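What follows is a single structure, written as structure tokens, with notes after it.
Chain naming follows the written order as A, B, C and D, and within any one chain the residues start at number 1.
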Amino acid sequence: MNAFGRKFRISVFGESHGAAVGAVLDGVPAGTELDEQDLERDLIRRKSGAFGTTRRKEEDRPQILSGVLGGHATGAPLAIVFRNRDVRSSDYTLFKEVPRPGHADFVAGVKWHDFNDPRGGGHFSGRLTLPVVAAGAVAKKILSPKMTVSACLVSVGGVGRAEALARAMERGAASDGPDENIGSGDPSQCRFSDSELWRPELESALAEGDSLGGVCECTATGVPVGLGEPFFDSVESLISHAVFSIPGVRGIEFGDGFRAASMRGSEHNDPIVSADGRSPRNGAGGVNGGITNGNPLVFRVAFKPTSSIRKLQHTYNFTSGKVEDLEIPGRHDVCFALRSPVIVEAMTALVLADLSLL
Amino acid sequence: MNAFGRKFRISVFGESHGAAVGAVLDGVPAGTELDEQDLERDLIRRKSGAFGTTRRKEEDRPQILSGVLGGHATGAPLAIVFRNRDVRSSDYTLFKEVPRPGHADFVAGVKWHDFNDPRGGGHFSGRLTLPVVAAGAVAKKILSPKMTVSACLVSVGGVGRAEALARAMERGAASDGPDENIGSGDPSQCRFSDSELWRPELESALAEGDSLGGVCECTATGVPVGLGEPFFDSVESLISHAVFSIPGVRGIEFGDGFRAASMRGSEHNDPIVSADGRSPRNGAGGVNGGITNGNPLVFRVAFKPTSSIRKLQHTYNFTSGKVEDLEIPGRHDVCFALRSPVIVEAMTALVLADLSLL
Amino acid sequence: MNAFGRKFRISVFGESHGAAVGAVLDGVPAGTELDEQDLERDLIRRKSGAFGTTRRKEEDRPQILSGVLGGHATGAPLAIVFRNRDVRSSDYTLFKEVPRPGHADFVAGVKWHDFNDPRGGGHFSGRLTLPVVAAGAVAKKILSPKMTVSACLVSVGGVGRAEALARAMERGAASDGPDENIGSGDPSQCRFSDSELWRPELESALAEGDSLGGVCECTATGVPVGLGEPFFDSVESLISHAVFSIPGVRGIEFGDGFRAASMRGSEHNDPIVSADGRSPRNGAGGVNGGITNGNPLVFRVAFKPTSSIRKLQHTYNFTSGKVEDLEIPGRHDVCFALRSPVIVEAMTALVLADLSLL
Amino acid sequence: MNAFGRKFRISVFGESHGAAVGAVLDGVPAGTELDEQDLERDLIRRKSGAFGTTRRKEEDRPQILSGVLGGHATGAPLAIVFRNRDVRSSDYTLFKEVPRPGHADFVAGVKWHDFNDPRGGGHFSGRLTLPVVAAGAVAKKILSPKMTVSACLVSVGGVGRAEALARAMERGAASDGPDENIGSGDPSQCRFSDSELWRPELESALAEGDSLGGVCECTATGVPVGLGEPFFDSVESLISHAVFSIPGVRGIEFGDGFRAASMRGSEHNDPIVSADGRSPRNGAGGVNGGITNGNPLVFRVAFKPTSSIRKLQHTYNFTSGKVEDLEIPGRHDVCFALRSPVIVEAMTALVLADLSLL
């Protein structure tokens, strides 16, 4: 179902080219300070416009319909709505007949008996992440100031951030010192525009009508010991559940992640060095037995390259019954992973807010 | 909470050294053919005893307390219990004072105010996967014969299956031809004992009192188009939620997984080539937009090395207030990943059974 | 939480004098025929305006923000919003200081630390039943044509419908024959305006600045055998759960209800007389062991008299610390039970739609 | 599904004549003092044996399989099992063919395609209330000492408790003063054996092979202001949901209940008379707007007469296709309502424990 959470709960609704997208948040603690401006900072981070992102421009102004009075949450459900405006639906009518590779066109048609809304991806659109980001901003207010959640791209198109940064400095695109905080558990400090760092890869893909993927790392600090359950609501279970709802995610790993499978126990085990559970290494990514251990929560998310590409592809035409050529027009991100960090943060904040209120 | 599923639901309970471990399954369709022997095949696969696994021997005989009559599920909840017998609790009393690196000793103590059961890992023990495997066997009966779920180790200690196999054939340990089905979407056909394939790595780790991790690949075939929801109950969300409940999982990836983040859209997109949605490549791992697309569901799970090792480690002693040496006695798997495939299958079958009944 | 349902799920939001009230419906089957006009019939029945109901006038026009395209549900969540317009908030500011007897003023203030929205009852207002009625209309479309749900007042202010009808005919207010269908399992056929039938009681209460309660009977026909679960999701459990969410409900009883407690088994037991489970008596109200038995589902709901009355009352003043006189101004229903039948129908339809889709 | 609760959750399983009945309790706070003796007091109250109850004798000894160590809850799920022993299954084989009036035989057969366990009512048996009572005893430990929950019969076979008491004193069966606490909000003080009070009614019904119903009143004291949610998890919603899971319930009403529908607002409204929300009248039964108001929670539950009676009945024979005579042999309660108070208390305690832990 289109809802998630136990005590702090989000329900999302909407379609890319319908009247609106939105979310209902249930369980926001009464008294949480909130107004529409509070959501702005994160909504701007999600916005398109940077090099490598779609040229669709939406004002993305949230309307809070309920649950807030005089700048505070009332305790009742909070409904947030975003009206859709810059919509060009004629682009999409074809895709019930010729489903786009990598998209949900085919599965939505089968699942919903061709009653699905195909315009702009309908309910499957990345535009649904807009209310998620707004909800995440509310969740961050609940966690604040104790916990912080921040995410950052660590690679795009297979090129790591350190390498991209070195190149950018060489070509003078990044002049005020290294963004050394990456990997240090504080990705909120990523000081350089991601689209600037990976501009060569993005330009090359754009020129070829192709697209790129990327990997996003998320870190939460200030997380107390004891959040999560051994079975089935481990912290990793809940975060991965939320994160795999973001369109285009292919994988998630915590701490040492897949690398842990090649390590020995004596390398991977985190020694505890203080009474508050701190470990200098944090190969577990801040979780033992499904429960937070007081170290920063660290995980990485793999995003696939944007499915909609200008480059010629082949797919099945359900009318002709043949495999045919397909060129996808319209406005698309070359690399939607560029916009992913704030979405990953939002999902993480939703989970942590729920767990911390239980 | 210790439960999972919407229409087909599992609740687990029990501790490693308590009276029993077990599960309650709600929503088993009336008429499903079932008896205790049906669970045997998978329970044996999970059992310890192979080279590289613990020497703790449990009979692991399930008692079905309810929900089955005359060889069929009745429609009422099915309770399965396994009594614990081969228990040596004196091994564990120390670990409230000196929490083991990589274990839940510390977090459980904080979360449950030192009322947690520390014996054998208590409720955090891998022994809880025993009722999960039994439940998975029931889920497979629900899916059968249409869908199959099978998993297999694809690497141990950083050595891939193909390489391990080539070596094993060389030394004469595997003589009846390659287990070529790995990677072909049918890991159920893994014909060689995993502990035989990776015997050199296991022997070396055992000799050093150390442990190994591994990667398990799971494939489900016969999955119809249309299972899962776009938000928040995508197939990947539900499977990762279930899989991260297995102790020791560090990562999960679907289809091309993390590799997708380095690919271009034109490489990663799966062209559809027939009216039933088939794609020759399946880089999406059988899911688009969170919904199954009719291709085999394929994902990989990274398991960390066993946390309990004989080799000397350091950790904090809460009585002395100092970091001290720790040697862990007792009977442990050198590589618990060896026992993981049937557990991963069980979790997958639980999710697919729930989705297919909704 | 402000949500209900397992496969067909409603979340409500909004406040009486805020921007809007609304609901998100998840799980509407793709292809269900729907448009805003479909909701009209029931929304009009809920509307105020009849004698004995409040003079607050709202246009009550639903906006469907998502989930419907071309007159059909798409399969994605359906969001319905009603903007509030005819709002006079100055009436309500007093009630944080002097909580009204029978209202949620006091409990909401304590629960939500005085951040609750007091205007018009805020989230506790009967206005929240507006999106419930709209959702119920959607649920009825799902049930249609197989199942029908209809409710009718059977007493107001202690005067039964039959007696009220006889009196009304006597005074010429009801001239076209008895509404004999009441009690026959088909309350949809109530042909007389309820406010006309009980006009004497309503006029008397209005004159005295007082209010009246009533009892509503609901019948669902065409319900198949087998909906509901023995524990804990019996049909009575789910319906009572939903019905007690309606503000002002004091009791619910199925079939013979409280009268059954004075009967003998030989009187109360329903003999089965045909292979489809029919019983001539239906003292069980259509449910055995928590599961529908194929007979009409019949239950009655007791509504208290409207809490807001003009007549002088006493209550505690939290500023003065004394019990003081209170006169409540504003526009209120003399008997909100007059508007309850369509709300009870809506809750019933929501439950039956959920059960029939599982 | 056979589970209930959000943070403190019960799952029940078992059949009357199967191997066992039991429950899994998830969310018991670590450190709650508990052992098997703690459950005894309530289990004895539920036991048969008093005049008017079945002669089936079960030891009803609970086995706690998990979640308790050294007399305290560990924080992990608590599984309680009761083995069935005194089983006479030959009594029941007939009822698939000739479903008993008032029983679930027919609906279970249809719902579960004749795979249901018919022996002793199977999963529909009142025996399932045994683990519920044990779970309720755990819930009471969580609520204790702040909150108390107690229930008492207020009428049997249509004869009120006061009248029954007066008669009993007259005939010398109740000699040590009136049980005046009934109606005073403290039914825990019911000092007289219920089966003694209503002995004349019970004897008469027994002689005729018939059965009786009754009404049970439940009161919870010490309930803080603020438990429950306006929509959909009102306190009345949750309690009625739980209570209607008890076999044989026909109605529930809070405070003035159905009588409120005949009252005027000026009579029914509870004036608040102190800063802690107290009202001298409590016609609301301790709840406003779905949220507890600090006054005792008071509600009544109507139980039907036992369905299984010796007296001749008629029902449909699915083999012959005719309505035929039926005499039900076996051991049954003349009035199972005699055993209901502790079950109603258990359900109430489960709800209050869940709400108080959220």
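Note that a residue touches a chain if its C-beta (ideal position, glycine included) is under 8 Å from a C-beta of that chain, and two chains touch if they have at least 3 such contacts.
Computed from a predicted model, the values in this text were never measured in an experiment.
Among the other chains, the CA centroid farthest from that of chain B is the one of C.
Comparing the chain pairs A-B and B-C, the larger number of C-beta pairs in contact belongs to A-B. With centres taken as mean Cα positions, chain C sits 41 Å from chain A.
Spacing of chain A relative to chain B, judged by their CA centroids, is 27 angstrom. With each centre defined as the average position of its C-alpha atoms, the distance from chain B to chain C rounds to 48 Å. Shared interface positions of chain A, i.e. residues touching 2 or more other chains, are given as 1-3, 6-7, 12, 76, 108, 111, 123, 230. Those residues of chain D that touch chain A in the complex are listed here as 6-7, 76, 230, 358.
Chain contact summary for the complex, chain A toward chain C: residues 1-3, 7, 9, 11-15, 18-22, 24, 26-27, 30-31, 63-67, 69, 72-79, 81, 108, 111-113, 115-117, 122-123. Partner chain B is touched in their complex by these residues of chain A: 1-4, 6, 10, 12, 99, 101-104, 106-108, 110-111, 123-124, 128, 155, 157-158, 205, 210-215, 225-226, 229-234, 236-238, 240-242, 244-245, 247, 249-258, 260-275, 277, 279, 284-285, 288-293, 302-309, 311, 313-316, 318, 321, 323, 337.
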